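Structures incoming, each one as structure tokens.
Here come two complexes built around subunit A, the first alongside subunit B, the second alongside subunit C.
On to the complex of A and B.
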């Protein structure tokens, strides 16, 4: 397996936020994780990204133990709900940011960023500052910035949470397209049931710090804990 | 036709604001102005020539003040920025922030008197290094409190993001944190420079008359009732802050509007 998370535990004070986290993920797959606010999703992602050290457990990426590796050496990019574009850089420079950190030659940066702008349907927006972009465009630039560095794993923490319904739908489609184009392996955290089903090759459900990953989507739908059954009953009752 | 008073009132206000400064320059050019003369018997650059001939040591004081204030501004702004970050991430940040107010509880003269024993022991009494250290003790907490508003969860998220994108600590500072805080850093530098430039109480006690900054010199001339030299040193005193204010207005405030 490409990503293996084994017995990860994380507490803050007396509160155990992540309890015995165990799952694995194949390369070029997306695991969407559904869970309510405060269930430990963000802590789980930050632990995998190296931003929060686990109390115990092990994380293996492509067979290598990265539990103690610093975040800048992991090749795992964490994307927040907020786009977090650097306000002093334009769209082009925001996308090029990670490439410049790696000191990639200027010509290659230009080529990669222009290709990314095309893939993100952001042609003509390169010189715009973050304040001149719409919410959806900003989130796309944020994606571009993360993907352009060619990370081994992408961690998405409710990335479309702040977008309106229409933009959200377009972004979901764009994300699916990008994952295929750039062979992205990712963990996609959301509290939206439909989004979780749409985005992931695999689905997990997190509750009170415990993650349950389902064999297939049918298992997920049939589990009364996930809330899918009650959704079906609700919509069925309206007919 | 209704008379529009606005331009007149505005002109009067501008005139009232400018008058003390114009009068100060005028006084610095005058000498031997005794009652009941309505005009000084001499108007010219005699006093200014004296400054450049260093007879009164004003030029030396000007450069001493410049060195002290620039040192205090550079050290306190740099350390204030870096240490305020450490304070923000510290579990006892409230207590540490409260401690930063301590130097302002006492009047500068009383504070200097409290510190004088330690300065004497460390050989910092009556020299420029001592004055820089003493003024730093006042300016640093100001910088620390000033920058405490910069650090927040969003800045923390930026730092984490740079780390996951492959950036080290140095790159986080140079490519993100410093550009984000550029405006605040310039304002803090300006403010701490001013705190040091106009500082009198601490400087007079720690400097014990051996370190004569321009502010100390102004008070000496006023005590001697030499208004013309006093006005001249005031002009010199105001000149660097005006230059800094100009640069701040042109390059910093413009970006915030």
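On to the complex of A and C.
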């Protein structure tokens, strides 16, 4: 397996936020993780990204133990819920940020960023500052910045939570397209049922710090805990 | 209704902000050309010639410029370092109170304290004497009223560094530099790269206007250089007041020449600095 998370536990004070986290994920796959606010999703992502140290457990990426590896050395990019762009850089420079850290030649950076801007349908927006972009455009730049560094794993923390329905749908389609184009392996955290089903090859449900990963989507749909059944009943009742 | 309110606002701004300044400037300009003034009897370039050929103004301007530049550079650098290293400690209630405290101390008091601490008969000179480092007061180094303006720069630092610390802490919070730093780290940046590519550019880009304004404020500072400055060259404001208050009536007009020159240089510099970049500063 490409990503293996083994017995990860994380507490803040007396509160155990992540309890015995165990799952694995194949390369180029997306694991959608559904869960209510405060169930430990963000802490789980930050622990995998190295931004929060676990109390115990092990994280293996491509067979290598990265539990103690510094975040900047993990090749794992954590994406915030909001479209958090560097305010002093334009769209081009935001996408080029990670590439410049790797000291890639200028010509190659230009080529990669222009290709990314094209993939993100952001042609003509390269010189715009974050304040001159719409919410959807900012989120796309944010994606582009994360993907351009070619990370081994992408951690998405409710990435479309702040977008309106229409933009959210377009972003979901774009994300699907990008995961195929750039062979992305990702953990996609959301609290939207439909989005979880649409975005993931696998689905997990997190409750009170415990993550349950389902064998297939049918199991997920049939589990009354996930809320899918009550949704079906609700919409069926309207017909 | 809205247009009416806007017009009243503009009128008030002109009355309070522009008219007094313009009137004082015109008065100084007329005085400098000998058109008005007790001993003057008509238009002359004599006072301008005298000020420009003597070089006192330029020496004084250069001296003030250097002092203000050194004080601003050290205090901005120090405040950035303090913000970067001690941000969490500074957010406690006690520390935020401590950092606000120096802002409430008037410049004249700061100047007086500095004099008491660093003069040849001051606190540190006495301690040095007690400890046997010096045997008489004249052996204590010149730290006030000195050529290197150490006393003035020290006072300026104690006055403006807390202000910059508070400013940077505020921008750090508002611009979400903490989250951006985590994001940069996640993208592969080490601590040094985070400082150079995220922390410094964001904070400096958001505050450069205030930094420049503080530089201009220090350029024209009066009380501190009056107490801690040397005889010659003097900082600009001290020179202007000294000229204007002289018994030699010609010197009054020369004082106004210096004031006019100073106002013109600062105004032109401010226009050049702020106008072309105003749009960009607000766009970011």
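Please note the rule applied: the second predicted complex is superposed on the first by the 239 of 239 C-alpha atoms of A that agree within 3 Å, B and C clash if a C-alpha of one lies under 4 Å from a C-alpha of the other, contacts with A are read in each partner's own complex, and residues count from 1 in each chain.
Rule of thumb we're sticking to: a contact is a pair of C-beta atoms (placed from the backbone, for glycine too) under 8 Å apart; a residue touches a chain by one contact, two chains touch by 3 or more.
Computed from a prediction, not measured in an experiment: that's the story for all the values here.
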Room on subunit A for both subunit B and subunit C (clash or fit): clash
Touched partner set for A:72, first subunit B, second subunit C, both or neither: both
Contacts of A:84 with subunit B and subunit C, given as first, second, both or neither: both
Which of subunit B and subunit C A:162 touches, first, second, both or neither: neither
Touched partner set for A:132, first subunit B, second subunit C, both or neither: second
Subunit A residues contacted in one complex by subunit B, in the other by subunit C: 49, 51, 71-73, 75-78, 80, 84, 86-88, 97-98, 100-102, 145-146, 149
Parts of subunit A lying in touch with subunit C, wherever the complex brings them together: 49, 51, 71-73, 75-78, 80, 84, 86-88, 97-98, 100-102, 129, 131-132, 145-146, 149
List of subunit C residues in touch with subunit A within their complex: 175-176, 179-180, 182-190, 193, 197-198, 201-202, 205, 283-284
Contacting residues of subunit B [partner subunit A, same complex]: 154, 157-158, 160-168, 171, 175-176, 179-180, 182
Partner subunit B, residues of subunit A touching it in the complex: 46, 49-51, 70-78, 80, 82, 84, 86-88, 97-98, 100-102, 145-146, 149, 155
